[in-house]
């Protein structure tokens, strides 16, 4: 079985395990105050060109999201997100469990526009009964989005400008950030993101690490006491060094982007294979996620050899499915799939 | 610097890293539904002689505590614990952040007695204004306790009987459970704990793993939908396999208890050294935690070579400090300390 | 200014004030354990033909909703409601502040159908990643709805049957229940509601009381410790007698329904007036709420003499507005309006 | 039965009911935006000499406490209070249900000292593991305290100075504030309280109103969006006018203090009676609460004629009980009690 189901099916890239093994017997402070974490933080801040920012390492995406949002909002504030946002439908109500409503708006290829945020804010402000509704306090976006699409520099600049004008915090979930930064059609850099967002995270779990996400806080207001929040929400790893070591391995010589580019390239081959087989793509994307419409008749045979995830029914004979490549996906795997899909859809 | 500060200063026992390396390229399901987790669960249940119980792997102790307690209690219920309990003073209000009060009672050598629980319950029931107070819903104990002491089989049986009579859930925090099970004066077995508690966890983080705690739920009422709670509270590791693999390494051939016994033995040597140097122990204990009263004058010199943690001031010239051994502590280290303390306290 | 803006613009029906004045100097127990509350509870249970149910008096609708839902759900459960539901958009995220997501579905004239609930439940159950989503635990409906429409006996029976089959609790918000029970096209009785719902409330605030809602709990599982929840959420009135006295005044001789019928009749006249003036009604309704489409040009003049609330824009020249009658609305007021609207829309 | 059990056994002072009756048919805006609330707010601010402050009317003390604290604190912050504080033991964990720990310290006659606050703050700041503990964010005091004692101007000035130096908010619960302001030994004025506290409330429920507490916010940081919080926590009364009307009645001609002084005087007579009968008072107090030690043998007979509340056992033959007078207590009642207790303790 070849897994195109997700980008976290293996353990970790060998460089990660090597780093852990090499440093294993060194004794360090706990809770992320060790030298590996310090080094990794500095390296990330340098690459973000954000010397005044703060980096905190957390273990997973839901944990990062709930900790950031709990730290940032007052009780009556909600977080604006698309209806496809991970926090909206795939985190078992983690945000609501922290007391906050997710204020959803329809998505455009998985994205939220500055205009939508402006409209939602104005609708709130102009509502004479607004005190009876949740006040927008933060805007949450994912880049790449949950559909694999990317915000352009222009789109992010507009969102950021709107948020700053309206006093809204801008938070970017980068669970798959590397796949975006490495994509052929990407226009955003880490320094752009650091400059335009109040807080964001650089995902490790889905990009070759065993686990780990690096939360970067650029807005001073959000920095205060953030470690208390990490501890309170169960995210302060005793052996915090493990996170520092992994991010060191990923960032000290460009491994992070190399792995991401590989996955994106494998996805490009897979996309080509799908298009040659006449399977339309749901959204335009150059990252490691592919949403394609396949005939039902092809799914059975392909499903015996490949795993991928069902997304939604399209018509009586077709449904949309999601494919996902990773650092560990091989050229042989995507080429084999391309041949097989061509065969099955003839 | 020799660290007696904590039991999580190194990475992991090499067998853990080996297991991760050996299985690294195998593709598995995510979120703990892989074969390693399944195997580890079965192994743990067999060793607990609790075939009907459930095992869930979480990443840390605070996370385990808050997830179990959030899953178990209704909003008006609180959890009874000693004033030294980890949930009371060392988790940044994680339990309160889930909406529940920690109802503290004074400790006896770090322990809670059945009698204290009975009295607290009766005081609540007999209070005509009890609806204006938090209702006890669960009893939380740690074994070993935060002071390194152990519940005897008799004490745990009494606590369990009281809890069952009064409709209270009994939860045992086993962050350092192995050090207890391996202690010279231990009278409890894993099957005893599984039989007497409604839920407990077997700690990995402080006992040689990179991270990980195995929550064992024996009470059927607590099993329902527990995985939803794990996800909601940010504790569902994408590569859940890492937890299964580590617990396999610890439990498949008795490594867990061997490492614990080693740490306990090193602690015994350290205790002897302290007693020979005339430093009284605060509590009687055979586990890896030692609380001893040292003269201030000795602390300076020892502090240059060894790290340990300050606990509390005893009088103008003495204070209590905590020493902690681990799987990685060597005989040379504890013997060196014993010589040095003797020197310093002469 | 004649107010058709809401049904809580005056103090209370004089019978309520009389009751308070008559009993004012009698000393009673606090917190709803007095003889007035006891009597009022018995009276309500008799009229519901639900001798085994429990009645609790709360001060307002949001308070009732949040207390009931907090008491009923486990942390990972959400409450299903229409997108027009009061708990969804008009309570400042009170339900989310208790940790629960409101799972919204599109409304049909303000109503939720058994089929929608069935579909949502099945979609959840069939989702292989359902543990990553909020689990439906309760269904919330309002009767009359926020649009003034009514559930038929058949609709409520179907909803109830679906909820019971699927293990979902059914909660009916009756902030304006009397206006429904008294409506010309009503097919539901209090005993029907008590039989088909697990919990519901009979609104007082919007129906002639100073304040007060009577929560009726028929499902035994929801009764346990409900008063603790009331106290915890700030809803336990010290002089709870005030609630008992008011519900006594409303229920001891049928005042509640008489006041509601009057308001409904006044609304009928207003509806006639609107239709004669060519203003279409948005939904069919015989209760005290009216949603009508008016030409913008008529709004200015009418707005000088009458207050009503803006609902939404319909097209460039029309918008929908809401009118509301109450026990205190007079025939002269609605007839005057009918004349004026005819004038303005000519 | 003569009730010395509490100060909320009757309805309301007749002036309150009169005010409601007089204004009953006037139509007003809802939710506290009416002219009565506006007038009452201005009157209170004038009497507090705090023109820049804000006043919000809530329905009860627990509601006021939980709304203020939820609005003020970030998730990792707790509120410091004595172990006798109402929020600590008599509100069913309302503060914890909002996510915040109550950090209790021992009381001195029901009071908290500036020194205790300073020590607790310093202990937190000096703790190297402070991120693992709850951070003090607010100090909660009651005046009069739950034991009926009063803070002196000097004590409040010291507390306020410490809080401001340490960045802690100071909140004064004035459920029985009038009884304190009217007490013979009082040294505090409303303007003092407004100047020294960041937020406080003036209690109505226990001082002659049907219900109602006036929260006064002097610290600008706490004002922002407070009404959203009121709505979210279920405290926004639809007919908010009722609160404005009641506070108007209490404050427009000094009724509030007149009623309080009467109750304090009745308490003085009762205190004299107790002392003449040889029953020691637990604390020195000139307010309407009396804690006295009575022989068990006297309780039976007295309990047939008078109600009061049990506080705690003192020794095998004595226990402490609480007496409470109110605006409605008569001279005949307290004199009768004084005679009877003298008789019973002979």
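Note that the chains are named A, B, C and D in the order they appear, and that numbering of residues resets to 1 at the start of each chain.
Here, contacts are C-beta pairs under 8 Å (C-beta built on N, C-alpha and C of every residue); 3 or more make two chains touch, one makes a residue touch a chain.
None of these values were measured; they are calculated from a predicted model.
Here A-C and C-D were compared by C-beta pairs in contact; the pair with more is C-D.
Think of it this way: of C-D, B-C or B-D, only one pair shares over half of the A-B contact pairs by residue number, and it is C-D. Distance from the chain A centre to the chain D centre is 50 Å, each centre being the mean of its Cα atoms.
Note on chain placement: the centre of chain A and the centre of chain C lie 42 Å apart, centres being C-alpha means. Centre to centre, using the average C-alpha position, chain C and chain D are separated by 34 Å. Each of the following residues of chain C touches two or more other chains: 75-76, 91-93, 97-99, 131-132, 228-229, 231-232, 236.
Listed in rising order, the residues of chain A touching chain C in the complex are 75-76, 78, 89-93, 96-102, 129, 131-134. Residues 31, 70-71, 74-76, 98-99, 131-132, 135, 225, 227-229, 231-232, 236 of chain D are the ones that touch chain A when the two sit in their complex. Across the complex, chain B is touched by residues 1, 3, 6, 8-12, 14, 17, 20-21, 23-30, 59-63, 66-67, 91-94, 97, 205-206, 210-211, 228-229, 231-239, 241-242, 328 of chain A.
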